[in-house]
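Here's the structure, in structure tokens; my notes come after.
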Amino acid sequence: MTRLLPLALLAGLVALPLALGANPYLLNALIVTGILTIGAMSLNLLLGFTGQLSLGHIAFFGIGAYVSALTSLGFDVELGFGLRAVHEPWPPVVGFLLATVAAGACGYLIGRLSFRVRGAYFVIVTISFAEVVRLVALNWVELTQGPLALTNIPAFTLGLPGLGFWTLKSKLQNYYLVLAVGTLCYLLIARLVHSRFGRAMRGLKENESLALSVGINATRTLTVAAVISAAMAGAAGSLYAHYLRIIDPDVFLFATTVTMVIMVVAGGKGTLMGPVVGGLIFGLLPVALRPVMAPEAQWIVYGLVLIVILFVLPRGIVPGMAARLGRRPARSAPVLEASPAVPQ
Amino acid sequence: MSAILSVDHVGVRFGGLVAIADLHFDVREGEIVSLIGPNGAGKTTAFNVMTGFLKPSQGEVRFRGTSLKGLAPHAITRLGLARTFQRTSVFPDDTVFDNVMIGLHQVGGRLGRAPVLDALLGRAGAGERQLRARAAALLDWVGLSGRMHEKAGALAYGEQRLVGVALALATEPAMLLLDEPVSGMNASETRVFVRLIRQVRERGITILLVEHDMPMVMEVSDRIVVLNYGRLIAEGPPDRIRNDPAVIEAYLGQGSSARQAAKSAHGSAREPVHA
Amino acid sequence: MDELIQHLVNALILGGTYALLGIGLTLIFGIMNVVNFTHGALYTVGAYVMYLTVAALGLNFFLALPVAILGGLVLGAVIEVALLRPFRGSDIDTTMLVMIGAGIILQSGTLWTFGGVAKAIPSPFPEAPLQIGMVSVSWLRLFVLGAALALIALTYALINRTKLGLAMRAAFQDSDTAALMGVDVRRIYTATFALGSSLAAAAGALLGPVYVVFPQMGGLAELKAFAIVILGGLGNVTGAAIGGFILALAEELGAGYVSSGYRDAMGFLIIIAVLLCRPTGLFAKAERIG
């Protein structure tokens, strides 16, 4: 049952554009929602599975977007001390890979930090990190164009030498690209969560002293989680840059982190499907609200819905629904399925 | 037999407060040793030092000849020294079975060389099956098979202690430190637990125990180490400790509950409660 | 040299309002264990109440300030009773998210009501600044400093000299024990949140006339307040006051001697540096382990 639900959702998402026809507005909303949902899934790895509330997650997303854009646009920057960095444009796919690596590297730094400072301090350090990165993007005009934005970012090109290449210019192509990357991320996280590494994360979250006492290395586990989480957010950022084809320092806005946090918390932190369900609801809520109210009012509804969900379903929609239907949340179900018969 | 654990002139101070002053004793391989003393004597602090949760202000602990100085808790566990906790002994939101799976962290590490990569590439299949079999066997051994699919946090207190022991055993230790394992257990549960401790020892695992249940301590220990106000005041086999004037003084000097404990320690000499 | 003195004077003036922001936030954290993500929105609200009373209603500038502070006080009390009281006993992450939701509502509400165009609050002070040697300070900024210092002193008096303050300090030490001693902890929480909110509103009302008023002004102010509170150690009122001045100094010197674009980055760099060296903040006592 718990395995059928994600599959059914995937099938629905694959078929959705066929049902919608060529509605560019809806497709655009779906693509952006999909990208943010990937961000939310990556955030969930930290927030849900290790219990570290990173409110600077957008930094990894933005770093991914900028690294990918700059890799594919090229740059020529004076570094001071007579040094100059010149880079010729590379294909967007390389940018995607570099974005993942660069964001992962930043995740490594934050992960190391998270062991030193916890709780409210960690929250504020991560916010600060994101703000510093945003201000660098805003002020290092020679590299990033600052508020003028990086424009003409090339669209994704997929293919293999000898087989031919496709440039993903249409919305429909981008939709399926995002869906593919999102599915891949989901599968990776599912693998990870059900592995020994996933158990170490859960152990640390539930009872840290006990986890240490059974030989779990906290620093290493949290760092690896942060690296993977950041790398995924960076990948999402890269998708964003090559889809919109223009980015400015506003990709680092705190509000976007908040959106991702809402998606995770509303959907159900620490569950696999939570961020997907939360992502779809909160990503598409503006679409539903747009005909009836102004954008500012939409945000008010956003805030209200967040508070109501925290009040009514404090653990999130997915675990709440699962409990209501008398089932266990998706997280532990596969473990149960595979456990051996009780030896008598 | 040689010493497996040496506490070598260890002292712990919190600011001006002396929690442990110059503690010095050995535990030999295969022994069951109890660390007793009135409340606040420094027993749990001593455990925290031995397992790397606290850094001693002076002295050091050696385990199988290796100094534990500066080692993190997880690194000490990897050397084969495991512990249980006084209060929170489980991962509350996971099932009992998953608790033990988390506890098998190290064993899992031995089965796969690059665990994160294995997990991402889905290479962990065979190793996982082995781990599950092991977890089931461990639960069977401590007598929790029937509870395996229940949430650990929802178990009765005594059962949670057993989960804690299973978690410690899952690390395949050479020595086990048990912090008040039978507190919250009724008489029959305690009896079962004593049997379990003996079985653990038969498997070649040395045991150091902190416990307030004097009859149980007197019955199960080969040797007893007594602390008071952070100092070692007596050391020896149960019979000698039971009649040691310094020990009696330490317990009588305390409140009535401690006096009770001392009394029952004497009582157990006449009528062995746990067979 | 003159330039340095000018920077120090500017830092002193800015530091007063920063200290107000920080004290409000740290009080709420220290007593209620809530990371208040409405702090920035309350700062914005304070500025808009000031704008409304002065520019729209034509009320006296000096009367408008207490009105703005009162507005923050009332709004804070409403938020506490409506949103925090039902979540008492939830973990810190949950209340943090509730506050994020409330912050979104307040900020979007301001944007909806007043529109996105920045507004200026007319000030009754002369345009010409006060000149002392090469250093110049506008009269308005001097008033802002004076008012901020007066409010800080008032807050200290409230905490240290009144029965309410005594109860707040008791709740800060240990809310369960305080409740046993007959302190109405629920009322103390409401009072604390209202007080913290009014300080945020005061900071907004004071800085509003110096700069301009716009709906997103609270975002950066909030992040700065976090920086100040981290500097001072979470829950440490005096630490927050000092932290406010340190942050202002760092910003002024950073803007003056490094690059004005990175003015706002200074606080965050300081946070990261402080937490790497002293994870509990500059003025927090070292915690006991175990």
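As written, the chains take the letters A, B and C, and residue 1 is the first residue of each chain.
The rule is short, and it goes like this: a residue touches a chain if its C-beta (ideal position, glycine included) is under 8 Å from a C-beta of that chain, and two chains touch if they have at least 3 such contacts.
Keep in mind that what you see is a predicted model, and the values were worked out from it rather than measured.
Visitor: From the centre of subunit A, which chain's CA centre is farthest?
Guide: B
Visitor: If you average all the Cα positions, which chain's own average lands nearest?
Guide: So the chain nearest the centre of the shown protein is A.
Visitor: Quick one: subunit A and subunit B, Cα centre-to-centre, how many Å?
Guide: 42
Visitor: Calculate how many whole Å lie between the centre of subunit B and the centre of subunit C, each centre taken as the average of the chain's C-alpha atoms.
Guide: Each chain reduced to its C-alpha mean, subunit B and subunit C end up 50 Å apart.
Visitor: I'd like to verify one number: the distance from the centre of subunit A to the centre of subunit C, where each centre is the average of its C-alpha atoms, in whole angstrom.
Guide: Those two chain centres are 32 Å apart.
Visitor: Which residues does subunit B have that touch at least 2 chains other than itself?
Guide: Expected reply: 53.
Visitor: Residue numbers of subunit B touching subunit A in their complex, please.
Guide: Residues 51, 53, 72-75, 77-78, 82-85, 88-95, 97-98, 101-103, 105-106, 108-109, 112, 115-116, 118-120, 122, 124, 128, 131-133, 136-137, 140, 145-146, 148-149, 164, 167-168, 170-171 of subunit B touch subunit A in their complex.
Visitor: Help me check something: in the complex, which residues belonging to subunit A touch subunit B?
Guide: So the residues of subunit A touching subunit B come out as 188, 191-192, 194-200, 202-203, 206-207, 209-218, 224, 228, 332, 335-336, 338-340, 342-344.
Visitor: Of all residues in subunit A, which touch subunit C in the complex?
Guide: Those in contact with subunit C are residues 53, 113, 116-117, 119-121, 123-125, 127-129, 131-132, 135-136, 138-139, 254, 258, 261-262, 265, 294, 296-300, 302-304, 306-307, 310-311, 314.
Visitor: Mind pulling up the subunit C residues that touch subunit A in the complex?
Guide: 29, 35, 83, 86-87, 90, 92-94, 96-98, 100-105, 107-109, 111-112, 219, 223, 226-227, 229-230, 234, 259, 261-262, 264-265, 267-269, 271-272, 275-276, 279-280
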